[in-house]
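Shared chain: chain A. Partners: chain B in the first complex, chain C in the second.
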Partner chain A sequence: MDHLTPPAPAWQMKVFPLFSLLGWVLILSSFLIGLIGLAPTAASYWGGNAKAVRDAAEAGSALLGQLQVLSVIPRWLEPLAFLGVAAFMTGIALEFSTIPAVLKNRGQVMSACFPLIVKLGGK
Partner chain B sequence: MEEQEAPFPFNMIEGMMPMFPMMAVVGWMIVLIAFLIGATGLASSQATFFSDAKAIREGAAAGSAFVRANIDSHVIETWVPQFKFLGLGLGLMAITMALGTIAKRLRRMGMVISRHLPADLRSAMPPIPRRVRLFQLSTLMGVMILVAALVIGIVLATGAVPSYWNHSIANDLNPAQPGSELLAKLGLVSSFADWLNPLRLVGMAFLFTAITLALTVIIGTLRTQAAMLVRFYAEASGRR
Partner chain C sequence: MQAMIGKMARMYPVLIAMGFMIVVIALFVGYANAQTAADYFAHSKELRETTLMVQRASFEGVGLWLPYFKFLGLGLILGGIVMALRVIIDNLKAAGNEVLSKLPSEKRPRSPASPWFGPVMPMVMMAGELTFVVALIVSLGLARTAAQVFAHPVPEIDAAGAGTPLLAQVQAIVTSSAWLVPFKFLGVATEFLAIAMGLATIIFILGAQTELLETGIRIARGEQASARHPEAPTHGPAA
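After this line comes the complex of A and B, so read on.
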């Protein structure tokens, strides 16, 4: 037990912050796109036009463009936000994956130190 | 060797930490209740609404079974998802609290071991990492956002949503003209989900961040204690 060392640095501890950061970027982006982009468009499309006008919108009109935005963006925006959730979970899993090695090292260190603690420690 | 009590509001949070199993059960029960409301209330109102031809259900007047079923569907879909996410949030909060409790016990264990080392070979106890306060604040922030989302959901579910849908679709809602109160309400009830749903995930992001930080505290504590013991071993071996 001459070469007793603390646990070696784990690569996972360098990578997990990137996943957490990615999670924040994706979730905040989806919130901001929803708040600034989709919600005002929805309020304007549904709240500013009678049903007859919405139904009669011609190809290339601004109304049909709004309807496209409201139908297309949520199809990828929600999965994007959940990709952010998955990024957080990956980061957490990476952190957990370092614990067994740290505990193994702790066991080795403790078993080496214990006889010395008993011998030198008084209390 | 007892730790000083944490300042307010952290002392309150630390006092709540051992209650994590109860929080997890409450969170799970909230999600279960959301499922039961969906399986019974929402499913039955959808079944009632779609039990007749489009012309009949959309022509039904306010107060009819069709309109009531339509209101129930929209009201449930407004507040129940927020309620469900609060349940999930309490589950994540329970995990954070459990990790916080583990970190606290690890520190106490380190203090016990340190007390048994000879005084001249004993390293000073490192201060409580700042990340402890950060993960506690992040947990609070996450749960507060989820509670706020639920409150907004309840306000909408008891105000604009039933007030808009309590009309005949064909005779009142469809002919509504720009500038009318009905169309303004349609704008509100059709747009809130675009920002409220991602807001819930922002709350979840705070809770995930709290878990991440709590884990770094645990891993950091284990590594620091190992380093202290290795130092003790090196010095004590030389003395032997």
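After this line comes the complex of A and C, so read on.
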């Protein structure tokens, strides 16, 4: 083996940072929605009203709007965070998928090495 | 600092075992909590809401901190994986340096510098662990508040008006839970980021070492050629 051809740059190594970034953005977004959106709404809904007032809220009232927000957003917020986790895991899987090609190339280089080692060792 | 982290990283099985134990303990606590809830809901609504406050306070409180305890366990396992990656990185570097040391010093190629994210990886992992610990501490505080709230009969809690301490406590529990649930995923994201950094470092080192081996082959071939033809240059391109 006279010529060693290095492996082509793996596309996965270019794509995995995008998945990591996507995961980070999705999870950070879900945290910020919880912190900036849900928490103040919950504070306002639960802090200023007794149960009787909350139960008596009419359709279209601000109080019922807050209850709607508190009931609706958590139903998609957690799946969004899980999507972020999935994006991270996909990125990690892509990184793993590049390792076989790297090891294959390493094997080729080693197989080129050994005849030289044998020749040099014979001197 | 990096040497100390390298030594600590070798204890990664302890981290993984601790994480697994925490998750197993969480299962038993969850099962015991379920029995408390089963006992509570076996009674009539009137009895539940006016008399069985201790049971209610118990399972509501445990329900608040247990998810964060489980995530701390998962975080420790992920941290163990990060540390295992660090051990692989250290071993790869040590093996590479040992191989390079066999070459004559004047012909020894320079080891490539580690990518910037390699040394940062353990710090990112620790930041993730800190997130889980903070989430658990906050949730324990919320569980304590919940125990105080549910020590009151449910009609009393329902009657609590604006400005009462009881409603303020309910407000604290619901408000904190709103951001605490996604906060724990921030810890998971940080751990995954550390794992991605570790893997990228390993792939970089494997690639760089293969390139160094190729350089070594070129040097060796050059030596063979110069031994046959002493006038030929020592550093020739690959044949």
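Miscellaneous remarks
Note that in this section the second predicted complex is superposed on the first by the 116 of 123 C-alpha atoms of A that agree within 3 Å, B and C clash if a C-alpha of one lies under 4 Å from a C-alpha of the other, contacts with A are read in each partner's own complex, and residues count from 1 in each chain.
We adopt the following convention: contacts are C-beta pairs under 8 Å (C-beta built on N, C-alpha and C of every residue); 3 or more make two chains touch, one makes a residue touch a chain.
Fair warning: this is a prediction, and the values are worked out from it, not measured in the lab.
Applying the stated contact rule after C-alpha superposition, one finds that A:G60 touches neither chain B nor chain C. Contacts of A:K51 after superposition on the shared chain: both chain B and chain C are touched.
In the superposition on chain A, A:G34 makes contact with both chain B and chain C. When the shared chain is aligned, chain B and chain C each come close enough to touch A:M89. Where the contact sets of chain A with chain B and with chain C meet, they give residues 4, 6, 13, 16, 20, 23-24, 27-28, 30-31, 33-35, 38-40, 42-43, 45-52, 74, 77-78, 81-82, 84-85, 88-89, 91-92, 95-96, 98-99, 102-103, 105-106, 109-110, 112-113, 116, 119-120, 123.
Chain B meets chain A in the complex at residues 113, 115-118, 121, 173-178, 183-188, 190-192, 194-195, 197-199, 201-202, 204-205, 208-209, 211-212, 215-216, 218-219, 222-223, 225-227, 229-230, 232-234, 236-237, 239-240. The touching residues of chain A, when paired with chain C in their complex, are 2-4, 6, 13, 16, 20, 23-24, 27-28, 30-31, 33-35, 38-43, 45-52, 70, 74, 77-78, 81-82, 84-85, 88-89, 91-92, 95-96, 98-99, 102-103, 105-106, 109-110, 112-113, 116, 119-120, 123.
Of all the residues in chain C, the ones that touch chain A in their complex are 157-162, 167-168, 170-171, 174-183, 185-186, 188-189, 192-193, 195-196, 199-200, 202-203, 206-207, 209-211, 213-214, 216-217, 220-221, 223-224, 227, 238-239. Looking at the complex, you find that chain A touches chain B at residues 1, 4-7, 13, 16, 20, 23-24, 27-28, 30-31, 33-35, 38-40, 42-52, 74, 77-78, 81-82, 84-85, 88-89, 91-92, 95-96, 98-99, 102-103, 105-106, 109-110, 112-113, 116-117, 119-123.
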